[in-house]
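The same chain A turns up in both complexes below, where it pairs with chain B and then with chain C.
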Partner chain A sequence: MNQATHNSTDAVSPVSTTKRLLVVCRTAPYGSSLARESLETALAAGAMGINVAMLFIDEGVWQLIDNRDAHHKGHTETGKSHSATISALPIYDVGPLLADKESLSQRGIDLGRLADDAEIIETVQVINILNSYEIVLSF
Partner chain B sequence: MKFSIIILGAPYTDEAAETAFRFAQATLKKDHEIYRLFFYHDGVHNASSLMTLPQDEVQPTSRWQQLIEEHQLDAVVCIASALRRGILNKGEARRFSKPADNLLAGFKLAGLGELVDAALQSDKLITFGPCS
Partner chain C sequence: MILHTVNKSPYSSQCLSDCLPRVAPGDAVLLIEDGVYGINCAVSLSMTPVNETILRLRETQVRFYVLREDIKARGLDDHLKGSLFKPVDYEGFVDLVGNADKVLSWY
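So, the complex of A and B:
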């Protein structure tokens, strides 16, 4: 049997655009594969040469917790660690990785547990950030 | 106005696909353009030819198919999401030695580049997500 190597980011080719993309993540990393699929979208857009940033808000802030051994506990749908992918985003020129402060504090998340590349923003900034990107993709 | 619509919810399980369908209908009725329908995440199940519901219920997949055919819409199903969920066209079924294929006519499998392209080309990109 063929090894399943279907990866939706395989076949992308670069585009020329000045439009910047913001991927908004509102779902927790485990329990649903939607969080993973939002990262794949960001990676695909990054591979096409598009300027991509990510905004983690609501339950989405859980995605930024540095928890690279999660896959050893069988916590993911794919057997792959979510935070390993998060930490790889800057390598693919995806960033900044913005985290909504109020979402973090509502959930009692210790800021010291966040991925190194996470950038905490004040909640009042969210609307300006959403307005400042030409394209917003919400997950 | 030029719209693209992202559908993240499976038919029957979530209301997202139902709402997306109604939005698509309303968009076309108002003479706007739909640049692309993009089925992602569990939304890929909307393209399954095997979904079987009692006859007296709404048939979500064939309803999409009719809309796509009638308006010649570009309906793209994310290939990675689809294969992971068992939605295959003939080519992929052959490639992975699977016993059947089930992608409805009118839909095509393609990569996330098509989603990014839709984002760049459309005036508005509307996401219909699952409730959880």
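So, the complex of A and C:
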């Protein structure tokens, strides 16, 4: 009986919620499934009450271009654009969404085109951010 | 302390040059799989910026390793001589993971 009680508790909260998760995104959307999987991981973690943030660096910053009205038939099961999911992240308590300034400028990305919730960070901050989260997953 | 693993050749991928600017003092960098082709990038002329970064990071107690099994598999044993990367075996890999707070994969 005790065992069963334990198991049901574990199913709700398998990871200690005191540990914060950082999802590091380094790939552009659509070319591979990695970008999609990083969002699914963040959403799943958020749904389980885990404190989860996302860091977009290198090619990952392409994910933040706000293109939520576009429909990409065949790219995703729902036909929804990647950025539609990005814009939904705060609803699921995923955040902050951190974007490396240098990666953006190297690619000529207009900051005005970014998802509303993207937070631009200085490149020197990246190391501190990587160190400050207890769990880091790289996509 | 973070253990950074790099598994792509620096001649075909940006992994290593993307990783290095994000390495903090005291961290460790380990080349695995095709990442081991980077063992001598530090002495190759085309990789001068990588060379300079590695030398600068070594001054901040960053340690550089390469997985010996993957070096052997690719016949690169002779490249170990004079390399800035210290060879470790699988056991050493496990020790590095055990001593790190977390592992960050660059792939």
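One rule holds in what follows: the second predicted complex is superposed on the first by the 114 of 139 C-alpha atoms of A that agree within 3 Å, B and C clash if a C-alpha of one lies under 4 Å from a C-alpha of the other, contacts with A are read in each partner's own complex, and residues count from 1 in each chain.
The criterion applied here is as follows: contacts are C-beta pairs under 8 Å (C-beta built on N, C-alpha and C of every residue); 3 or more make two chains touch, one makes a residue touch a chain.
This structure is a prediction, so every number in the text was calculated from the model and none was measured.
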Which partner chains sit in contact with A:45 here, chain B, chain C, both or neither? Use first/second/both/neither. first
Have a look and say if chain B or chain C is in touch with more residues of chain A. B
Can A:106 be said to touch chain B (first), chain C (second), both, or neither? neither
Contacts of A:138 with chain B and chain C, given as first, second, both or neither: both
Quick one: is A:37 in contact with chain B, with chain C, with both, or with neither? Answer first, second, both or neither. first
So, A:21: does it touch chain B (first), chain C (second), both, or neither? first
Can A:123 be said to touch chain B (first), chain C (second), both, or neither? second
Chain B and chain C footprints on chain A, overlapping residues: 135-136, 138
Using the touch rule from the top, collect the residues of chain A that touch chain B in their complex. 1-2, 4, 6-13, 15, 17, 19, 21, 31-34, 37, 40-41, 44-45, 48, 50, 135-139
Taking the complex as given, what residues does chain C use to touch chain A? 2, 14, 18, 21-24, 101-102, 104-107
Touching residues of chain B toward chain A in the complex: what are they? 6, 8, 40-41, 78-81, 83-84, 92, 95-97, 111-113, 115-117, 119-120, 125, 127, 129-130, 132
In their shared complex, chain C is touched by residues of chain A numbered 24, 26, 57-58, 123, 126-127, 130-131, 134-136, 138
